Amino acid sequence: MKIGCHGLVWTGLFDAAGIRHSVNKTKEAGFDLIEFPLMDPFAFDVEAAKSALKDYDLGATGSLGLSAEADISSEDPDVVRTGELLLNRALDVVAEVGGTDLCGVIYCGMKKYLEPVSSQGLHNSMAVIGRVSDRAADLGVNVSVEVVNRYESNILNTARQALKYVQELGRANLGVHLDTYHMNIEESDMFSPVLNTAEALRYVHIGESHRGYLGTGNVDFDTFFKALGHVGYDGPVVFESFSSAVIAPDVAGMLGIWRNLWDNSEELGAHANAYIRDKFTAVNTIALH
Amino acid sequence: MKIGCHGLVWTGLFDAAGIRHSVNKTKEAGFDLIEFPLMDPFAFDVEAAKSALKDYDLGATGSLGLSAEADISSEDPDVVRTGELLLNRALDVVAEVGGTDLCGVIYCGMKKYLEPVSSQGLHNSMAVIGRVSDRAADLGVNVSVEVVNRYESNILNTARQALKYVQELGRANLGVHLDTYHMNIEESDMFSPVLNTAEALRYVHIGESHRGYLGTGNVDFDTFFKALGHVGYDGPVVFESFSSAVIAPDVAGMLGIWRNLWDNSEELGAHANAYIRDKFTAVNTIALH
Amino acid sequence: MKIGCHGLVWTGLFDAAGIRHSVNKTKEAGFDLIEFPLMDPFAFDVEAAKSALKDYDLGATGSLGLSAEADISSEDPDVVRTGELLLNRALDVVAEVGGTDLCGVIYCGMKKYLEPVSSQGLHNSMAVIGRVSDRAADLGVNVSVEVVNRYESNILNTARQALKYVQELGRANLGVHLDTYHMNIEESDMFSPVLNTAEALRYVHIGESHRGYLGTGNVDFDTFFKALGHVGYDGPVVFESFSSAVIAPDVAGMLGIWRNLWDNSEELGAHANAYIRDKFTAVNTIALH
Amino acid sequence: MKIGCHGLVWTGLFDAAGIRHSVNKTKEAGFDLIEFPLMDPFAFDVEAAKSALKDYDLGATGSLGLSAEADISSEDPDVVRTGELLLNRALDVVAEVGGTDLCGVIYCGMKKYLEPVSSQGLHNSMAVIGRVSDRAADLGVNVSVEVVNRYESNILNTARQALKYVQELGRANLGVHLDTYHMNIEESDMFSPVLNTAEALRYVHIGESHRGYLGTGNVDFDTFFKALGHVGYDGPVVFESFSSAVIAPDVAGMLGIWRNLWDNSEELGAHANAYIRDKFTAVNTIALH
């Protein structure tokens, strides 16, 4: 199992210097991989990432949330095309830096919608994700659709919805991406979604209920990690946290990050890395009970 | 203690018939009071409400979330004035129907902001709420500011923020309104916010983490009710739930209600009424332990 | 599914009058069945029970914890024989009153052991339970072994231990009996034991962590009921609670009931009946999510 | 705050070699102090302890559970006298090794009682603990009475009972000792007992619901640590865990340790030390929220 950290824990700016800084810090905190934010994959400095990953011997994945202009669940073919091109470029970035996974809100805009998705919009979303998955298969990359709360998507808010979505597409490298922050809002509990998606579960985000330090909010992490142990999950497990102290202003606005939940990225990251690893150490002993 | 139910459990349309229907159903489900949604207080049929409340012997409160056009945390004086007029009318409606409380997201727009509140905006918000509270005091009505999650306000996301807000205004009839749905996202736990606001706590919303049946999500209700018992809270406790089966389309869009969590309002309401009362019955026995 | 109540909620004395009283009260509180304590099945007034069950139209089951003198996990053949005779009589009582299940700590003494069970003792226990199960099959009665905490058995403290025990015996009418009070002490969580025993789960006890009102302690009931819903359990679900206000002194001593957790059996029982049924009502809506 | 480890995590035998081994291992695992088991304080090798503590630069406390022969809640004056002599010697041991606290089930036998304490027994218990506390004050040692579950005491099963006990005695150096393992069984929740005892809380045991790895059972640790943070507790916090792999047979029998919950003391201890420290690191950030 690979334990990772989202790049936005370290910086809000992902130019060459930001990339190197975040890789360095992710490694120092003890993680195995970094998840690069690829909101704008065309501007991402692949060479900077490749060299930093190599220098610090770190793995990588990539994630993004589509903007309204690139929303593949739109009914507007131009917008959908923009989204597909962006996803393809994000996929290339992941492959070029030697990454393993593309995930996040890649199937619709990551925004507060004001109405439900239309059937044409859903059709568009699935058609693009199907093609992107096929392309990813050729590149040896896994694709997973992140289940997020009602304020960040109007399509996939629960694990069962995501399971249905990926099952209908039926690609071996396409799976479900669960995030504890969102599960705490939308799921019935923290065990069933893992159980229900088991075979299809490809990616996991670990975030606290308010996106601060793990263990300082309301997410029932113990139950979640026991469920991961129960199904024998061994894919990426990536820490995510946002505070107004570090984040880029536009991302802060999109995610509603209005207050400081921490001000020390190093302590936060090291804590999260230890927290996640210690949970698995403990969960592994349950077999003895 | 008065146990109540939000009107939107029963109907999405609050014309005279909708008002009578929701009062009737709230009473039938066993509640003591109904919370009327007063998004548009100018259109609210006070006489219909008065007669229904009298016929069914039910208490009442009123709540609302300000729209962007009436956002008192705006920097635009006209928008702020629009908001104050709307709040004053909502207050009158509460008083006219014999209600006891005005609450909700009355201190800013209930919407996904894209940037933090400005200091002028916060100043405007507090100035209006101060005046509204004074006016409410003359009418014998309590006012409380609802602490909501980051996607519905950029001002009051935690109990401590709300406590500071109301303490600075220092009005005896102005207090904090906590909602378990939002606490599950923003607070560190379900006990401290009650403890921290104790004296200032005036109003309570009971909602599940996904806004469905109580006990089918992730809210730690047991801890919350024990905390209410610990501080001896005896104000209104009002159930709230939203499903795409009942809600008005515009409210659904604003709150992000994309799926059906229930389809039987009667069963849902009766369940919630019993759930809340049974919690208090149980909590009261802790004194014996 | 049948929701039931343990007889000791109502009285500590199970003579004819106690039997009738407990049956009456169990019915009044809304339950479907009563679980009779059969510590001394030879003295149990079958006719009184039959007539009360008929008069009040109530179902029945029976349970017991073996005393040291009838401990079938003993190495002393006389003690084991005493235990088997007692279990057979208890089985007859269940069958004679028209009951469906015999359960409890029927596989060893219900007491604080000072050393682990010996292999001979375990062999004796399994041999007797095998024969009792066969005899029960002829009578149309289910037998289940209750998983209890370390202070009440040195054989079956976890669901997995019990599963192994019943699987080795391989009788269709022999299953596992889980109790939330004990699970809260011995299991890793409240979901896995249900999942792990699923097919073998025959009987469920609902008790709070301190054996008082449901919801006033530390048992994570929501997770447990969600797990029951997940596996589609539809066997008996029986409430158990003990307070020094009602219980017989010798049982109190054996179970360590040193304080009053409640003093009103009627309120307690009605609360528990509503609590359990309301949990299932809620859990059933999860299918909609 | 001092984070400590109970000696029985490392060995079941507390001769000179066992003492040195456990001190060494406690230090290696990262703890600040060791809690010595002083069941037989007359046999405890003070010099071995002093030299080991000095060599490894570790703090110390001492604890015990009285046997039936030394039960100061007995009605037999000889038994009570035996108990008082034993407690005095245990106190001397603590003082002689430079320890700070004497705690545990020092106010009655640590055993499964079969009947409630008598009023004479309670009187005897309090009289002795009063004198022991006074003697401890002269030696600069804190004394605390451990709240344990119904199977290990018939006097102090809840924090409120313990608070009353110590308040009636009114000694400044006498306080309450809470243990999460026992709280999970007897208390209404994990927050209130800390809140209720706050000023009187002198000692804390951290144990999982089944006494295994922290985070693999049902104890709601997050709530407990948040409560410690809320009241600003800064006394000793000591990890306790028992497995049949390490424990002495007689202690295993008394505590009902029938199965292996772990087999690697080093991993267990290091995990617990990190777990406890990481909880406080996280809880400290709540002030920022």
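Observations on the structure shown:
Which chain is which? They are A, B, C and D, in the order written, and residues in each are numbered from 1.
Please note the rule applied: a contact is a pair of C-beta atoms (placed from the backbone, for glycine too) under 8 Å apart; a residue touches a chain by one contact, two chains touch by 3 or more.
None of the values given here were measured: they were computed from a predicted structure.
Judged by shared residue numbers over all numbers used at their interface, chain C and chain D contact each other through mostly the same positions, with over half in common. In this entry, chain A maps onto chain B through a rotation of 180 degrees when their C-alpha atoms are superposed, rounded to the nearest 5.
Chain pair A-D has a twin interface among A-C, A-B or B-C; that twin, with over half of the contact pairs alike by residue number, is B-C.
Between B-D and B-C, more C-beta contact pairs are found at B-C. In terms of their C-alpha centroids, the spacing between chain C and chain D amounts to 33 Å.
Separation between the centroids of chain B and chain C, computed from CA atoms only, is 44 Å. Of all residues in chain A, those touching 2 or more other chains are 158, 188-189, 210, 216, 222, 226, 259, 286, 289, listed in ascending order. Within the complex formed with chain A, the chain D residues making contact are 210, 212-216, 222, 225-226, 259-263, 267, 271, 274-275, 278-279, 281-283, 285-286, 288-289. The touching residues of chain B, when paired with chain D in their complex, are 158, 160, 188-189, 191-192, 195, 222-223, 226-227, 230, 286, 289.
Considering their complex, residues 112-116, 149-151, 154, 157-158, 161, 183-190, 209-210, 216-218, 220, 244, 249, 253-259 of chain A touch chain B.
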